[in-house]
Amino acid sequence: MAIKLQNKHGLEQMATAFKQDPTGDRAPEHSEAVVVRFAGDSGDGMQLTGGQFTLSSALAGNDFATFPDFPAEIRAPLGTLFGVSAFQINFGSQAIDTAGDQPDVLVAMNPAALKTNVDALREGGLIIADTGEFNQRNLDKAKYAANPIEDGSLAKWQVLAFDISALTLEAVKPFGMGNKDALRCKNMWTLGLALWMFDRDRQPIIDWLNAKFAKNQVLADANVAALNAGHAYGETAELSGPLKQYHVDAAPASPGLYRSVTGAESISFGLVAGAQLAGLKMFFGGYPITPASAILHHLSRLKEYGITTFQAEDEIAAIASAIGASYAGQLGVTSSSGPGIALKGEAMGLAIMTELPLIIVNSQRGGPSTGLPTKTEQSDLYQAVYGRNGDAPMPVIAARSPVDAFDCAIEAVRIATQYMTPVMLLTDGYIANAAEPWKVPDLTTYKPFPVTFLENVPEGGFKPYSRDAKLKRPWVKPGTPGLLHRIGGIEKEIDTGHINYAPDNHQAMTDIRSAKVNGVADSIPDQEILLGNAGAKLAVVGWGSTYGPIHQAVRRSIAKGLDVAHIHIRHIWPMPKNLGELLHGFDKVIVPEMNTGQLKTVLRDQYLVDAKPVNKVSGQPFTISEMEAAIENALNA
Amino acid sequence: MNDMTPITKGSPKDWETDQEVRWCPGCGDYAILKAVQRTMPELGSTPENTVFISGIGCSSRFPYYMETYGFHTIHGRAPAVATGVKLANPDLDVWIITGDGDALSIGGNHTMHLLRRNLDCQIMLFNNEIYGLTKGQYSPTSRVGTTSPSTPYGSVDRPATPCAFALGAGARFVARGFDVSKNLTDVLKAAHAHKGASFIEIFQNCIVYNKDVFQDFTEKKNADDGQLWLENGEPMLFHKGTKGIALDVEALTLKVVDVVDGNWQAAGVIVHDVKNRSVAHMLVEMPFGAFPMALGVLYDDPRPTFNDAVVAQNAAASEGKTADLGKLLAKGQTWTVAEGGPEL
Amino acid sequence: MNDMTPITKGSPKDWETDQEVRWCPGCGDYAILKAVQRTMPELGSTPENTVFISGIGCSSRFPYYMETYGFHTIHGRAPAVATGVKLANPDLDVWIITGDGDALSIGGNHTMHLLRRNLDCQIMLFNNEIYGLTKGQYSPTSRVGTTSPSTPYGSVDRPATPCAFALGAGARFVARGFDVSKNLTDVLKAAHAHKGASFIEIFQNCIVYNKDVFQDFTEKKNADDGQLWLENGEPMLFHKGTKGIALDVEALTLKVVDVVDGNWQAAGVIVHDVKNRSVAHMLVEMPFGAFPMALGVLYDDPRPTFNDAVVAQNAAASEGKTADLGKLLAKGQTWTVAEGGPEL
Amino acid sequence: MAIKLQNKHGLEQMATAFKQDPTGDRAPEHSEAVVVRFAGDSGDGMQLTGGQFTLSSALAGNDFATFPDFPAEIRAPLGTLFGVSAFQINFGSQAIDTAGDQPDVLVAMNPAALKTNVDALREGGLIIADTGEFNQRNLDKAKYAANPIEDGSLAKWQVLAFDISALTLEAVKPFGMGNKDALRCKNMWTLGLALWMFDRDRQPIIDWLNAKFAKNQVLADANVAALNAGHAYGETAELSGPLKQYHVDAAPASPGLYRSVTGAESISFGLVAGAQLAGLKMFFGGYPITPASAILHHLSRLKEYGITTFQAEDEIAAIASAIGASYAGQLGVTSSSGPGIALKGEAMGLAIMTELPLIIVNSQRGGPSTGLPTKTEQSDLYQAVYGRNGDAPMPVIAARSPVDAFDCAIEAVRIATQYMTPVMLLTDGYIANAAEPWKVPDLTTYKPFPVTFLENVPEGGFKPYSRDAKLKRPWVKPGTPGLLHRIGGIEKEIDTGHINYAPDNHQAMTDIRSAKVNGVADSIPDQEILLGNAGAKLAVVGWGSTYGPIHQAVRRSIAKGLDVAHIHIRHIWPMPKNLGELLHGFDKVIVPEMNTGQLKTVLRDQYLVDAKPVNKVSGQPFTISEMEAAIENALNA
C-alpha cells in the first residue's frame, strides 16, 4: 500500500502489523489486525465516531477490542491538551484481546489531539489531520512552537493533512446550518473516510444516523451527507497518492447472534440475570462516581426487571440501603469506585455480622485518594480482601474482560445468596468502558439457584443463626408470621443470634464466619491453565483486566518456543482449592498487576510460593510487548 | 423468644420480647418502651409487619425489646437502612429509633435526606442531650457549658435544635414529647397516622450522665409554666389557660400574653394550625424560659411519600414491558455470524 | 506560579493563578470566579492569609484558580477540613467552595455542624441543581421530574432548599446570589463582613447538564418579576416597586401585594430586618412562581464564633499553668524506689 | 497458710502460686506472686477498689499488671449477670507481665459476680463472698437454682462467706447515713480486708479518701471507718480459722520515681511529649468510641500544652479536621477504634496524597462490625496495613504495653513529622485500660526532632512537592508570604504538585510514595530478640498486647530448657531491615495473635518465611499457659 511505498523504515514496521495479500496492488490490501485511534477535542464526538466504527468492524465480522480514553474534565476549553478525548480500536481477523499497543492510524482532529497521541503511533504509521484546526490559536493551546505538519517533525510517520473542516462545511452547505452546527458533522466526515479506508458498508451507520436524528431530518441528512463526502473523498484521493484502502477479513467466530458490550453493560446484565436465576427482585443503592456510575445508569432503565435503583446521599447510605433491602428480602447491590468503597468498609462489616447477601461492585480507578478518576488501575485488591475492621472474611471475585463480567456478576449473586454473605465484585475503568464483541448468551443454559426464604418454624424451633451444611443461616423476610427476630452488628450468640459477649461464643462465631467463606471454595471450579502446560518453566498469574495483554504475550512467547503458561484467577477469595499445588508446580511465577503488588501478597501468604511482582501503575493497561519483555526477563533471571 | 405464642391483638404484652432490658435503672428509656408497647396494639399493625430499626446508642437497644422484626444497625445509619427496607417492602410499618448523637451527630446527613425524601416511617429521636452509651460525652444537643469527659471545661458549641433541623430538612410532620409524659402515646398515634416521614423528638432523662436536664418543664411542679401542649384548632394556651402565645405584629415574632378570664381572642392568642409552616418554625425555635416548651404535634402537613413515588414510577416504567433478558440482550445493533461463516 | 511577584493590593489580577481554568466554556463558574477575584482586593485580607478549601466537583476546582493558599480536599468534607484549619490558625481568612452535591448530599452533615458551631468562614455553595463533574446525575436540589442519567424517568424525591437547611442547622448568616449577577460582589462583601459562618447560595448555570434552569429569574427579561433583592431596612419591593411582600395576618404567611404609586406602607409591605429569623424562614421558603426569588442578604444576626470560644477556653484553661510534662507525669499517686531498694 | 491446711488438693496448686517461707506459721506467709480478682455489681465500685489496691501494691514495691473487665452496659440492672464488673490484679516480687491466668483470690460481692468469675479461680483458691447479697432475688437474677455457698458446689475452693453488707452498715452507723449510701461503703470495707490480707499500709488509702471526699467529711469518715472495720475484721477473724495473712516482697526495681499508668494515659502523654520534641502545637480531632474515648478525655484536660481537642460530628470529620490542622501547621491527631477507623480510610488516602503529617490511633476492640466494644482484640492489623483504596502506603506502629505506648506515641510523631506522612498507631482495649507501674521517664533523655517549616523561597524557586534526601516534601504554613500553593487529592505532578494525569508521572509518584515510606526503615533500630537466641529451634513472634503472655511463656519454656526465642515487633510497617534474615535463622516461627492471623500474612508476604499462626479470638488476652502449650506444640510438631 501507499504508505510502505513511501517509507522504507515504515515498511518493516508495517509488515509486522499488516500481513500482505499477494493479489496485486490496486485491490484493497489485506491485513490481520489494525489499530486505529481517533483523537479530537471533547466536543468533536470522538467517542461516538469510535463507537460507530466499532459497530462497522463488528458487522464486518472482525474481532475487536476498544479503549476509550476520556479527559478528566467534563468539557475542557476548546483545543486544550487536557481536553483531548480519544478512542482506540484494535480489529482483526484473528482473536483480539487488547486495544493494541501502538496505533497504525491516528486521526487527529486538532493540534492538541496530535500532540498528546502521536508518540504512541508506531513509526511509519499514518496520521490523518484536519489542517482546518491547525491555526495559530490552536497551535498555541497545544503548546506547539511551530506547525508540526509543516516543520517536518512528523517525518517518521505518514502524514495525510487536509482541511476536513472546510470539506465538511462544503458537504453540508445545502442544509443551511450555522457554522457551529455544520462543523459538528466533522466527525461523520472522518468516519466516512475511515469506512472507505477499511472497505466498510456505510448503510448501517446511515440507518443509525436517521434513527438518532429522527426528530430533526436536517441534522440527519447533513450528517449522512458528511459521511458520504468523507467516503467519496477517500475514493478520489486514492488516485492521488498516499491514501490506500485495505481490508481486514472476518475473524473466525462460532455462528450465532453477536453484539458489542462494555463491562458496565455486561455487569448490569449479569446482575439482572443473577437476580432472575435466584428468583429475586433487585435493589440497587448507588452514589455516582467515575467510572462506576454507568452501572447505576444502566440499571435505572431496567425497572421492568423488578429492579429498584436508589441514588443515595452518599456511599454509606448506598450500601446501608442495600443491606436494608437484603434484610427485607431483595437482592441488595451497591457499586462504587475506590474512594467510595473505602467509605463502605464499616457497613460491609455489618453485612458480614448479620450474614445477609449483598453485592458490592468496585470499578477500580487510579489511586490513592481522588487519584486519577478516569484512568484504570487494580489497586483496590488489598481493600477488597483485607480492608475492614475485625476478622471480616468476604468472598471476592474479579472480572477479566467486558464479556467475562457477565458471568462474574452471576457468580457473585450465586455466592451471596447461597452462602448469605456480602461479595465484592472487582472490575476496573478499562473493563467498564471498553467494548468487545459478545456472542449473546443463551440464558437457558445457566443453572438457576433459586432462593428459598424460611417461612415456617422448623422442627425444634426457629433459630435465626442456625446453619445448613454450608454453614448458611436462614433468610427470613420481615412480614413472615411466627419468625419475628432481631439482628444487629454486635456479636451474635450461636444459633439464637442474641447478643453474646462470651469468649467461647466469639471464638466459635469467628471460626464459623471464616469457615463459611472458606467453604465457598467447595463450590467453585479448580483453577485452569489458559495457555501452556502445568509445570512449565514460568507461570504468568494474572487477575482482572490484565487478561488481554498477558494472554497475547504468553501466546506469542509460546509461539517463540518459550515454556510459559497463563493462569488467570477469577476467585480472588477464597481461591480455587488446587491453586497452591498448581503454582508450586512451576519453576517460576510472576504476577503482573496494575498496582504495586497486591495479588502477589495473597499468593505468597496463602501458598508460600515465591510469586514475583511485575507492576505498572501509570493508569494505562499493560501493552503486549511490555508483557513479552517481562516474560523474557523472568525466564532469563 | 415467644414468637410462637399466638398473637392476641390488643395487649401490650404481645409486643414484649423475652430479652432482659439492659438500661440503667431509672433510665427514661423504660417509660418510652412502655409507651410504645401500650400504643402498638391500637395502631392496627401486626407485630410481623412491624420493623424497628435503630443505630447505636443506649436508645438504639430498643428493637431488642420489641416483639417485632428488628435491626440494630450501625451508628448513624438507621435511616439509610430503613430506606432500603421500606423500598424493598412498602407494606412494612417502619419505625426508626435513634438518639441525639446517632441521629444528629454521625447520622445527621441520613436523617436530613430521609426527611427530605419523605419516606413513610416514624422517627423517634430520644434526646437526652448526651452520649449515654459511650459514658457521657456531650452531644450536638447539649447546652453550651455542658461539662463532660470530653469537655472538662464545658462545651462551647451552640446546640442543634432537632425540630428546627427537621423542618429545615423539609419534614412534613414534627412533634415533641417526653419520656414520662402520659401524652406520649397520643403523639405516637398522630405520628403513625401521618403518611410520610414523622419526626418525633422525645426528651429523655439519662439519669446517669445528664440527670434531670429537662425537669424545668417535665416535672409536675413546672408543668404549668413549662409545657405548651399544642392541639390543632385550639388556641395556644398554657399555665391553666391564663397565658397564651400571640404574634407581635410589629416585631413579627411570637410573644407570651396574659389571658384574662379565658378571653384568649382578646389577647390575640394564635389558634394552632398544624399546617402552618411559618408558625411551626417559630414554635420550634421559641427560647425556653422566656417561653414554655412547645409539645405535641407542632406541624403536620402531608405530602406524597418517597416510597409511593418510587413504587408508582417502577410500575409506570414497567407498564406493558416484559422482563425478557434474552430479548434485551439481542436488542439494538447486533450482527449474526452465519453457519457458513469462518469456522473456529 | 507568580507567587514571587510582589503583591500590589487592589488588583483582581493578583488573585489569579497561572493555572488553566478547566470548566466548560460558558459555565457559570467563570462568572463567579471573576466576581470573587474582583471582590478579594476590597476585603483587606492578603492572599497569603486567605485559604480556599473545597470538596470535589466542578465547583470545587475553584481553589486552583485563586492565587491564595488552597486545599482541594475530598468529596463532602471541606467543612470538616476547614474547621481544623481555622482552629489551628484563627488568623486565616477561610473560604469554603462547594456544590449542591458536595455540600448537601455527601457533605450535608459537615455543613450542618459547621453552621451549628458557627465557625468563622464563608461558605459559597454553587447550586446548579446537578452533579456536574460526574456527568449530570440529579442532585438533592434538582426539581422533581429532573431526567438525568440516573433518573431516566425523572427524579421523584423532593428537593432540599439550601437556605432553609442552613437556617434549620442554626446559620446566622444566609444570603443568595447568582453567577452572572452584578450584585454578587456586594453579597460576598456582606458575607465576609459577618463574623461567623456565612452561608451563600449561588445559583450557577451548568450549561452542559442543566442548562438555564434558573433563567426564570436570572434572565434580564424575568428580572422584574423574578428577583426580590433584599436590603436591610428597606421595604420588600420588586417589579420596579409596584409589588411587595406583606404578611397575611389571618393566614400568618407571606403574600404578594400590589403597591400603588409607591405607597408601600399602605400595602403593608414588610421592611426587611436582617435580624428577623421568623421572616427569614418564610423568605427562604417562598415558593418561586407565586413569589419572586428572594436574593441578597436574607438573614444576618451574628453570634459568638466557635473558633473564638475555643481560643478563649484554651487560654482560660492554660491560665497560670506551665506546660511542664515532667511535672505532670510526676503528679498524683506516685512512689519512690529508694537507692537502698532491691537491685535489678 | 490456712487454705492449704484445709485442702490437700488445693495445696499442690498453691505451691505453684505461692513460694513458701520457712519461717514459722504465725507470721505472714511469703509468696512470689498473687492474683486477686474483685468482682461485683457495676454499682459496687469494683474498679475503684481495684485501682486503690493497685496503688497499695505499688507502694509495697510489688511489680504488677491489672485487667479491668467492664460490662458492655452502662449500668445494667442490679444483680444481673451482664451487669458484673471485675478488676483483676497480678502483683509479685518478680517481674509481672500479665494480669495472671487464674486468680488465687476472688472477691464476689454478689451471686452474679460469683457465677461469672468463679470458674476462672484456680482449684483451692479463696472465695470471699458477701452473704448479705446472697438472697433469693439476687440468686434468681444470677440464675442460681440453689445458694452455691450452701449447696456445696464450691467444694473445690476455699470459701469465706460472711455478711459484709451488715458489717459495713454496722461500721458506718455512727454517721447516720441512709441505707443506700451506707452500703456504698461496702467496697472500702472489702478493700480494708484485702489490705490486711496482704499486709498493707492503710494510710495512703485513707489520705486518698479524705482528699476525694474533701467536700463531704461525713462520707470521708464513713468510708475510712468501713476501711478500718474491714481491716480489723481480718485480724480478729484470723484467730478463728481459714483467713490468713500473707506477704509479697517488693519486686526488684531500679531506683527512682514510679507511678501507675494505663495505656490510654501513656499514649496521651506520649503524644504530648512527641509534639514537644517536634516543637509543634497539637490538634486532636476525635469522636467518642469505646475503648478509644479515654485518649480524647485525657487530652482535653491538657490545654496548657498547646493542645486543642475537637469532638467532631463523626469519625470522618475528626480525621478531616486533623488533616486541616496539619495543613495549617499543627500536629494533627485523630483516634478511634475499628468501626471508626474503617470510616477514616478515604481521608487517610488524602493525607497520603497531600503528604501531610498525621497520627491515627486505633484502640482495637472485638470485631467485626460493632462486635464486642468492651473486649480486646488485634484484628485491625489488616485494616492498618492494607485497608485503603489505591496504592496507599502508610507507616504502622504497635504498642505492646501501657508503658511501651508512651515511646510508641513519640515514635509515631517522629515518623509523621520527619517524613510528612500519616502514621497509624495500634493499641487495643487491653492496653488502653490496663495499668502498669511506670518509672517516670526523664524527658531530657529524649532526642528532640524539631520541625522546620519552609518560610522562604529556596534556591531555584519554590516547589511544593520537591523532596529532601528522605523524599520528604516541604511543610509550608498557610499565612507564609511568597509560598502560596494549592494541594489536593488528585495525582500530583512531580515537584510542582500541580494536577497531573500523565502515565509516567503517576508511575513516578507511586514509586516515590512507596519509596518514602519504605525509607522509614532506615531510621528505625534493627529488630532485637527479647529472650532466647538467634537461630533457636523456635521463634515466637508477637506484636502488641500479646507481649505479656508470650514473654512469660517463653521465659518459662527457656527455664524448662526449651530452645525458643521471643521477638516482638513494634514497627509493623515498614519492618526492621534485619527482620527477614533474622526470621529465616530459626527452624520454626509461630505468630500468636488475637485475630485469625494477620501479622502472619505480612511476614509470609515480605519474607516468604513459613510463619505459623496461633490464634485466639475470644475477646480475652492469651493466658501464659496457652502460650506455653502453643510453644510445646510447635516444637513437637
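We call the chains A, B, C and D, going by the order they appear; numbering starts again at 1 in every chain.
The definition used in the following text is that a contact is a pair of C-beta atoms (placed from the backbone, for glycine too) under 8 Å apart; a residue touches a chain by one contact, two chains touch by 3 or more.
The structure presented is a predicted model; accordingly, all values stated were derived computationally and were not measured.
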Using the stated contact rule, I'd like to know whether A-C or A-B comes out ahead in C-beta pair count.
A-B
Rounded to a whole Å, what is the gap between the Cα centroids of chain B and chain D?
40
Using CA atom averages as chain centres, what separation in Å is found between chain A and chain B?
44
Determine the centre-to-centre distance between chain A and chain D, using the mean Cα coordinates as centres, and give it in whole Å.
48
By the touch rule stated above, which residues of chain A touch at least two different other chains?
82, 303, 313-314, 339, 346, 349-350, 354, 369-370, 488-490
Where chain C touches two or more other chains at once, by residue number:
56, 74, 105-106, 108-109, 112-113, 140, 153, 310, 313, 317
What graph shape do the protein chains here make by touch: line, ring, star, complete or other?
complete
Hey, which residues of chain A end up touching chain C in the complex?
73-78, 80, 82, 286-290, 293, 296-297, 300-301, 303, 309, 311, 313-315, 339, 369-370
Along chain C, where are the residues that touch chain D in the complex?
1, 3-4, 7, 17, 19, 46-49, 51, 53, 56, 63-64, 67-74, 77, 79-89, 91-92, 109-110, 112-113, 310, 313-314, 317-318, 321-323, 325-326, 328-330, 332-339, 341-344
Report the residues of chain D in contact with chain A in the complex, numbered from low to high.
72, 82, 316, 337-343, 345-346, 349-350, 352-354, 366-375, 377, 379-380, 382-383, 385-393, 488-491, 501, 503-504, 506-507, 510-511, 513-514, 595-596, 600-601, 604-605, 608, 610, 616-620
The answer for chain C against chain B in the complex is residues 105-109, 112-113, 116-118, 140, 153-154, 156-161, 164-170, 247, 249, 251-254, 270, 273, 276-279, 281-282, 285, 303, 306, 309-310, 313, 316-317
Tell me, which parts of chain B touch chain D in their complex?
20-25, 56, 58, 74-76, 105-106, 108, 131-135, 137-138, 140, 149-153, 208-209
